[in-house]
Structures are given as C-alpha cells and as structure tokens.
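Consider the two complexes below, in which chain A is the common component and chain B and chain C are the respective partners.
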Partner chain A sequence: MNDFWIMLVGALVASSCSVLGCFLIVRKMTLIGDAISHSVLPGIVLAFLITGTRDSVPMLIGAAALGLLTVFLIQLFQSSGVQSDAAIGIVFTSLFATGIVLVSLYTQQIDFDLEHVLYGEIAYTPWNTMTIGGIEAGPKAVWIVGACFILNLFLLFLFFKQFKLVSFDPALAAAMGIPVLLFHYLLMSLISLTTVASFDSVGSILVVGMLIIPAATAYLLSDRLSGMIVVSIVVGVLSSVTGYYSATIMDASISGCMVGSAAILFGLTFLFSPNHGLVSRFLKRRKSKVMQS
Partner chain B sequence: MEVALKVENLTIAYHKKPVVEEVSFEVPEGNLIGIIGPNGAGKSTLIKGILELIPKISGEITIKGSTYKSMRKSIGYVPQRESVDWDFPTNALDVVMMGRYGHLGWLKRPGKAERLKAMECLDKVGMVDYANRQISQLSGGQQQRIFLARALAQEADIYFMDEPFVGVDAATEKAIIQLLMELKEKGKTVLVVHHDLSTVKEYFDWTMLLNKKVMKIGPTEEVFIPEYLQETYGGRLAILSDTKSGLLLK
Partner chain C sequence: MNILDIISDPNTRWILLGTMFLGLSSGVIGSFAYLRKQSLLGDTLAHAALPGICVAFILTGVKSTSFFLIGAALAGLVAVFLISVLTRYSKIKQDAALGIVLSSFFGFGIVMLTQIQQSEYGNQSGLDTFLFGQTASMVMSDVYMMMTVSFVLIFTCTLFFKEFKLLSFDPGFAKGMGLPVGILDYFIMMLIVAAVVIGIQAVGVVLMASLLITPAVSARYWTERLHVMVILSGIFGMLSGVSGTLISTSVNDLPTGPLIVLSATVWFFFSMLFAPKRGVLSSVWRRVSLKKNYSLEQDKRKGRHTS
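Up next is the complex of A and B:
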C-alpha cells in the first residue's frame, strides 16, 4: 500500500506541475518557475517562525505571498531597464539567500530541516496521515497535492481561452479587454501554491524539474495546447511510476529518480519524436535527398 | 459623414521620452487610411496608445462618440506578425477563432458557431485548406492572412492594422488590399500602418503623415504631396525619391 501512496503523491505532484509548466513553456518563461520554486523558501521559513508549526495552510500562504513578490520584483526590475534574465537571477537568489540566513539564524530554537525543504522526502509521506471526522483518510500529502491538482485543472479549464490568448497574443487579449496582468498573476500564484504543496514530496528544487521537463516533452509531441496539457500529465505520471520503481531497484533517492525518469523520457522524445525528433528529422532529410537524386 | 475615431491631445512616452506628442485628429467613417512616416515616428505606438495597450500620459479617445472602453467589441486589431510566437502549439483555425473571444464573455467557451464563423473568415482570405495546419508550417504571407482572418472574425467597425504588408508575397499583398477595400465599401473604417510610399496613392483614400506629431491628415491627393512629405521625412526623403519610389512624387 505504501508503494501505491508514494507513487500517487509523485503522480499528483508531477501532474499539477506539468499542467502549469505547459503555460510556462509556451510563454517562454520557464526561468520564472525556477525562480519561484527557490524564492518560496523564505516564505516557508517565515510562516514557520510566525506560527511555530509545520502546518500546511500558513506555509502555503507564506509561499504564495513570496511567489507573488518574486514575480512583482522581477517585473519591476525589468520595466526599469534591468535585463530580463538578470532580473530573474537577482530576485530569486536574493530571496533564497534570505531564506537560508533565516533558517541558520533560528535553527537553534526550532526544528527545521532545510534539507527536507530543498530535497523533500517522499518516502515518509505514507506515514504522515490525516483523519477526517475520526476516519483515517490516507496520507496528508495526497490530500494537499490532490487539492492543488484539482484547483489547477479547474482554473485552467474555466479560463482556458483567456490563458491561451494571453499566452499567444497578449496585445490582442488586452485590446479585447481581457485583464492580461490578472491572468499572469493568477498563473504565478498557482505555481507558487503548487511548488509549496509539492515540496514535502519532491523538495523545492526538484519541483522545477516537474514544472518544466514533462511540459517540454509534451511540447515536442503535440501541436495543440490542449493536447500538450494532456500529454504532459501522462508523461508526468509515467515519470513518477518508473522513477519509483527504479529508485526501489537501485535503492536510491525516490524524488531524484522521478525527476531523472522525466529527464530520460525527454531525452527519448527529443531523439525520436515523430515531428520534432532528431532521428526522424534526419531520416526525413535523407529521404528527400534520395528522392532528389 | 459620421466621425469614426476622434483622438484629442494624445501623448505617449517611453521612459519619459515622448514618442507621440499631443496628437489630435479625426477620422470619418468608411475610409481606408494609411499612416505613414519615417522610422521611429511613432506609427505603431500611436495605434497601441489608442488601443490602450501602452499607458498614455494624456489624451482622450472617442469611438463613434462613445468612450473607447464601451466600444471595445467594435474594434479589430492586427498586431505586427513578428509580435507573436509562430511555434505556439495551435492551428490556423484556432487562431482565427481567437477573434471571437472578445464577444464570448468571461466563461463561455468557443463552440460550433465560432468554428463556422472562423471557417467563413478563412475562406475570405483563401486559407480554408490550411485550417488544420500547424501555424509554424505556414509561410509569412499565409500567417498574415490568418491574422487578417482573425480580424475579420472580430466583426469590428474600426480596424487597426500594424504593418500588414511586411514580409508578404505579392499575391498576398494584393489579396489583403482587396479585402481592406471591401471592408471600406461596407462602411468600415480601416487604419493601416504602412511604410511603402510607392503604394500609398493606389491603396489609401486618406493618408496620415506622422512624425511624432500629426503633420497632415486628409484625402490622399491633398496630403500626399512633395511639400508635406518633405516636411514629414526631412532630408531622408531625398534617398527615397532616387529609388523606385521616385515616381510617386509626380
């Protein structure tokens, strides 16, 4: 049963990250995902320091606030003339550093495991269970990440046309009266929430992998945005299942193996994708050369 | 004739440097208007300012006597082709359907009616056969036609087009101008940012000469004369009149 719970948590993390990752990929903003996943650290620490518990709700709020602050600061710097990638680099490393300093300052008083936040420990999630009305309801992580996944899917489905147009042609969206900035911040809030909801299982650093890799794989396999989202979920789930089994076989880090599997799937797609793959492009080119001669 | 668009005292600046300065003009309904001027004259900026895509410092915009916000649905916009990512995972039909999003409200999803409308618009630009084609596989001219079809799907009364003839083949240019003239015949107003001086007289019945300020606006035969062009382009026009567009000033 524990196997099942771990794979379920992994699959839910991968899916909720992937659907958001698709929008980061098509908007060419994957670095923002990287930035947010790092800069939520001070939010988590602050929430922990203020409330004194490792309760999920304050942490989610703290992290979401820091995620939005990150996006806001990046935009502020960009609009005042700092290069876009430099702005991202400055903001997230500064906030991440603040988080590390905070952890080291208060590490005496409180039991806060930095390594846990950074790398996660999905293997323990089955034992951290939840009871609803006296009934054992399964691992807490399943509920938190599951709720996150449903929220992401629900909002993206509800406002799919807005998210799509804002990504493809923000100028037309704005001319039509669609609040471009609102949807930008909505997406960023979802990314912050998802990152924090997932940090228990894969850690805040490996979340980046799940945000970007399955979506990048799906980008190579589909030529419609809706199809890309479905494929990214499939790839995400596949990565966590194969990752879990390879971790058990090798007796290695589960979260590491899950993201590693995602990377291998990306590599295979990069080589063999029917339209964009290196091998198929090579074959096509050779075929047309043969036909010419 | 009714006034389709009225702009009063519009000033737009990037980083405190004014790009469009105290521009005021009126455009009567049912005209095809070319906006011309040297590079950096603020042609695109003017359009973006009118559409509130970039913040303005001052200025009042009225569309058919009402505020811009209340008239959004009757405005069509064709951004520069390079402003979007043509590797975006979508097909031609889907892009044209985006033209209907402004009419759908917050929650309604595009459905059969929107698909039919989009196919009709694709037909008008001669692109029905490419409806399911991934947009990255289209040529520059075809992509521009898709953008035009999307604007048609907006079913607007006033259209703003930013350099629709850039990087398109001769056949597409002809097809586009044909469509714009048809729109004009139907009483629509079309404003086009344009840079090829040799076609101004042939394409537009009104012309706006812009160089940060509106130098002149009016019927092309009254405005498009050497004196005013010299004023708008300054010394740079001399180079132009030596080349193929030398004919244009006669």
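Up next is the complex of A and C:
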C-alpha cells in the first residue's frame, strides 16, 4: 500500500507540474518556473517560523506570496534595463540564498534540513496521514497535491481559450480585451502553489524537472496544445512509476529517480519521436533523397 | 570570534584569498556571459557539475578535489554539448534546453549522491558540502588550485579582450572579420565551465550562477564601457567573496554559498540605487528636476503673458 501512495503522490506532482509546464514551454518562459520553484523557499520558512506549525495553509500563502514577488521583481529589474535571464538569475539566487540561510540559522526550530529542501522526503509521505472526522483518509500529501492538481486542471479548462491566446499571441489577446497581465500572474501563482504543494515530496529543485521535462517531451510529440497537455500528464505519470521502481531497485533518492526517468523518456523521445525525432527526421531526409535521385 | 581573530588565523587567510580570487575571476568572465545573454548557462553548468563530482568519487573512491574538478569540468562540457544539440536538432528553444539539461543532470546527480551515501563508502560525508559550499572543508591545495585557475582565467580574458568584446557586441561583424566565431564561442563556454568548477567548493552547485550574474549586472549600472565594467564586476565579485566568507566563518555552521550570494545581492541593490546615471535615485532626481524646470518655465511664460 505504501508503494501505491508514494507513486500516487509522485504521479500527482508530476501531472500538476507538467500541465503548467506546457504553458511555460510554449511561452518560452521555462526558466521563470525554475526561478519560482527556488524562490518560494524563504516564504515557506518564514511561514513556518511565524506560525510555528507545519500547517499547510500558511505555507501555501507564504509560498504564493514569494512566487508573485519573484515574478514582480523579475519584471521590475527587466524594465529597469537588466536582461531578462540575468534578472531571473539574480532574483532566484538571492531569494533561495535567503531561504537557505534562514533554514541553517533556525535548524533547531525547523524540522527540515538542507537535503529536504533539495530533494524532499517522498518516502515518508505515507506515514503522514490525515484524519477527517475520525476516519483515516490516506496520506496528507495526496490530498494537498491532489487538490492542487484539480485546481490547476479546473482553472486551465475554464480559461483554456484565454490561456492559449495569451501564450501564443499576447498582442492579439490584448487587442481582444483579454487581461493579459492578469492571466500571466494567474499562471505564475498556480506555479507557486504547485511548487509548494510538491515541495514536501520532491523538494525545490526537482519540481523544476517535473515542470520542464515532461512538458518538453510532450512538445516533441504533439503539435496541438491540448494534445500536448494530455501527453505531458501521461509522461509525468509514467516517469513517476518507473522512477519509483528504479529507486527501490537501486536504493537511491526516489524523487531523483523520478526526474531521472523523465529525462530518459525525454531522451528517447528526442531520438525517436515520429515527427520531430532525430532518427525519424534522418530517415525522412534519406527517403526524400532517394526519391529525388 | 571577531573579525581580527579570523584574519589572524593563517588558514582562514588562505581561504579568504581563495574566495577573493574566485569572486574576481567569475566576475570578469561573468560580464562577458551577461553581455552575450548567457547568464543562466552558468546556472545549468553548475547544476550539471553534481553528477560529474559523483562519478569521479565512484570511480576513484577517494575525496580528492582535483578528481572532482576534472569530473565537474567533463560534466560541464557534456552539458554544453547537449544544450547545443537540443537547440540545433529539435524545435526546443534555448531556455527549455537549459532547463532540461539542468534538471536532468541534477536529478541524476541526486540519485548518485544518495546512492553513495547509502553504500558503504567510508568518508562520503564531505560530498554534500558541494551542494551549498563550505569553505571550512577547503585545504591549502584547493586554494592553490582556485588561485591558479583564476589567474589563467583573468589572463585569458585580458589576452582575448578584443576578440571577446567583438563577439559580445557584434558576432556577425566578428565573423565577417574572419574571427573563428564558433571556436571562440566554445572557448568562452569553457572558461565559464572553469569558473563554475573552481567555485563549487566554496559556493556550491546550487548557487554558483549568482557569482557569474550578479556582479556583472551590478557593474553594468555604473559604466557604459566594457573594460571598466569588467574590472568593476571583478571587484564586486571579490568583495562579495570576501564578505561572504568572513560572515560564514564568524557565525557557526552557516553554508558559505548563500552568504556570498547575499553579499553580491547587497552590492547589486547598492548599485541599482546609487549608480550615477542608470541608478534609481539619479533617474528619480533627473525626473524631479526636469519637472521643476518645466514648471518654472511655464510659470515664467505665464508671467510674461499676464504682464
């Protein structure tokens, strides 16, 4: 049963990240996802220090606030003349450094260590259960990450057209009266929420992997945004299941193995994708050469 | 411990010297990376160093810095190669390629790191200091290595200053002049790899990118000339390295990397606010005085009309 819970948490983390990752990929903003997933750390630590509990609600609020602050700061520096990638780099490194310093200063009060920050403790999630009305209701992480996944899906379905238009043609979207900035910040806050919900299980850095790699795999497999989202969820779930089994075989970090198997799936897709793969394009080129001659 | 105690300790003095040179050289090479819009390449290369270090440890079984650095450098070269393959042979863009390489290398690195920790290798405990950097784990030979590599980096940047300048501002023109742009491109990336590699022991793989980015951006606020910017960026890097190390040795058990990064951030904010032309305060001042002049002139004009 524990196996099942761990895989379920992994799959939920992977699919909620990869749904958002698709939009990041098509908007060419993957590194903002990277930045947010680093910089929510001080928000989590501060929420923890202020409330003194490891309750999820303050942590979610703290992380969401920091996520929005990150996006705001990046845009502020960008508009003051700093190149966008450098702005991202400055903001997330300094916020993450603040978080690390806070964690190491208050190690006594905070029961997560630096390793937990980086790669989470998904192996312990089955024991941290939640009880609703006296009934054992499964691991807490499943509920949190599951709620996050459903929220992501719900909002993205509800505003699918708007998100799509904003991603591909922001100028047209603005001309049609869609509040572009609002949807930008909505997407960013969803990413912050997802990051913090996944934080306990996969840690801050491996959220990045789940945000980017499955979505990039889907990007090579599908030419439609809706298809891409479905494929990315499948890839995410697949990599968390294979990652879990390879982790138990190798006796290594589970979340690391999940990202590792996502990377392997991406590598295979890069080589063998039917339309955009390296091998298939090579074969196609040779075929057309043969036909010409 | 107060600062005098720290400075009088010969061991700390050496470490300070090491981080000073580290800051200097990464600031210098970082300014070229910044102008070439490759700031986050350093981030990817630093993260990618982790599996290199782990492989070096698994293969040799000893905790020797020189083997780690070789492993990290090789991993960095593989990462550079993969990024260029991904962007060239598929529709994946630069930013996504950086993200993919970063997170997959780091994922594999974490897998290897946890495996090493779980297996019966004897003294593996020092390996995770590479995540956030710990200058306390540095020995004399590490400092020598850092200083040598920094010297080589700074010397190379001075030697190829003209070429790098041309490449940063107008690669098309550089190509037209017959410069081997492709080779120089890889050459700069190799230099970034070298800076990252000597930095990971002091700053750690997670935050090393900051030392390449932040001093360069801070320096950019103060000047419009490249050589001034490069020197200033080196100085900012140096100051951040020194102050971060000092704070880290005086407060117990704080990882050095984040403190160096935070000192660099302090310099960044200082530059952003107080830089003479591009700074926030001076531009506010300009706007206010412009408004004042304008309203004065308006008043004058009004006065003329009424009289």
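Heads up, the rule we're going with is that the second predicted complex is superposed on the first by the 288 of 293 C-alpha atoms of A that agree within 3 Å, B and C clash if a C-alpha of one lies under 4 Å from a C-alpha of the other, contacts with A are read in each partner's own complex, and residues count from 1 in each chain.
Just so it is clear, a residue touches a chain if its C-beta (ideal position, glycine included) is under 8 Å from a C-beta of that chain, and two chains touch if they have at least 3 such contacts.
Remember, predicted model here, so these are calculated numbers, not experimental data.
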| item | value |
| --- | --- |
| Which superposed partner A:K28 touches (first chain B, second chain C, both, neither) | both |
| Which superposed partner A:Y219 touches (first chain B, second chain C, both, neither) | both |
| Chain A residues touched by each partner, larger count belonging to chain B or chain C | C |
| Contacts of A:F266 with chain B and chain C, given as first, second, both or neither | second |
| Contacts of A:K161 with chain B and chain C, given as first, second, both or neither | first |
| Partner chain(s) touched by A:A175 [first = chain B, second = chain C, both, neither] | first |
| Shared chain A contacts, counted only where both chain B and chain C touch the same residue | 28, 81, 219 |
| Partner chain C, residues of chain A touching it in the complex | 25, 28-31, 33-34, 77, 80-83, 85-86, 88-90, 93-94, 96-98, 100-101, 104-105, 107, 114-115, 118-119, 205-206, 208-209, 211-213, 216, 219-220, 247, 250-253, 255-260, 262-263, 266, 270, 276, 278, 281 |
| Complex interface listing, chain B residues touching chain A | 15, 48, 51-53, 69, 72, 75, 77, 79, 83-85, 88-91, 94-95, 98, 101-102, 104, 106-107, 109-110, 134, 150 |
| Parts of chain C lying in touch with chain A, wherever the complex brings them together | 34, 37-40, 42-43, 47, 86, 89-93, 95-96, 98-100, 102-104, 106-115, 118, 128, 131-132, 206-207, 209-210, 213-214, 216-217, 220, 253-255, 257-259, 261-262, 264-265, 268, 272, 278, 280 |
| Interfacial residue positions of chain A with respect to chain B in the complex | 26, 28, 81, 158-162, 164-165, 167-169, 171-178, 219, 222-225, 227-228 |
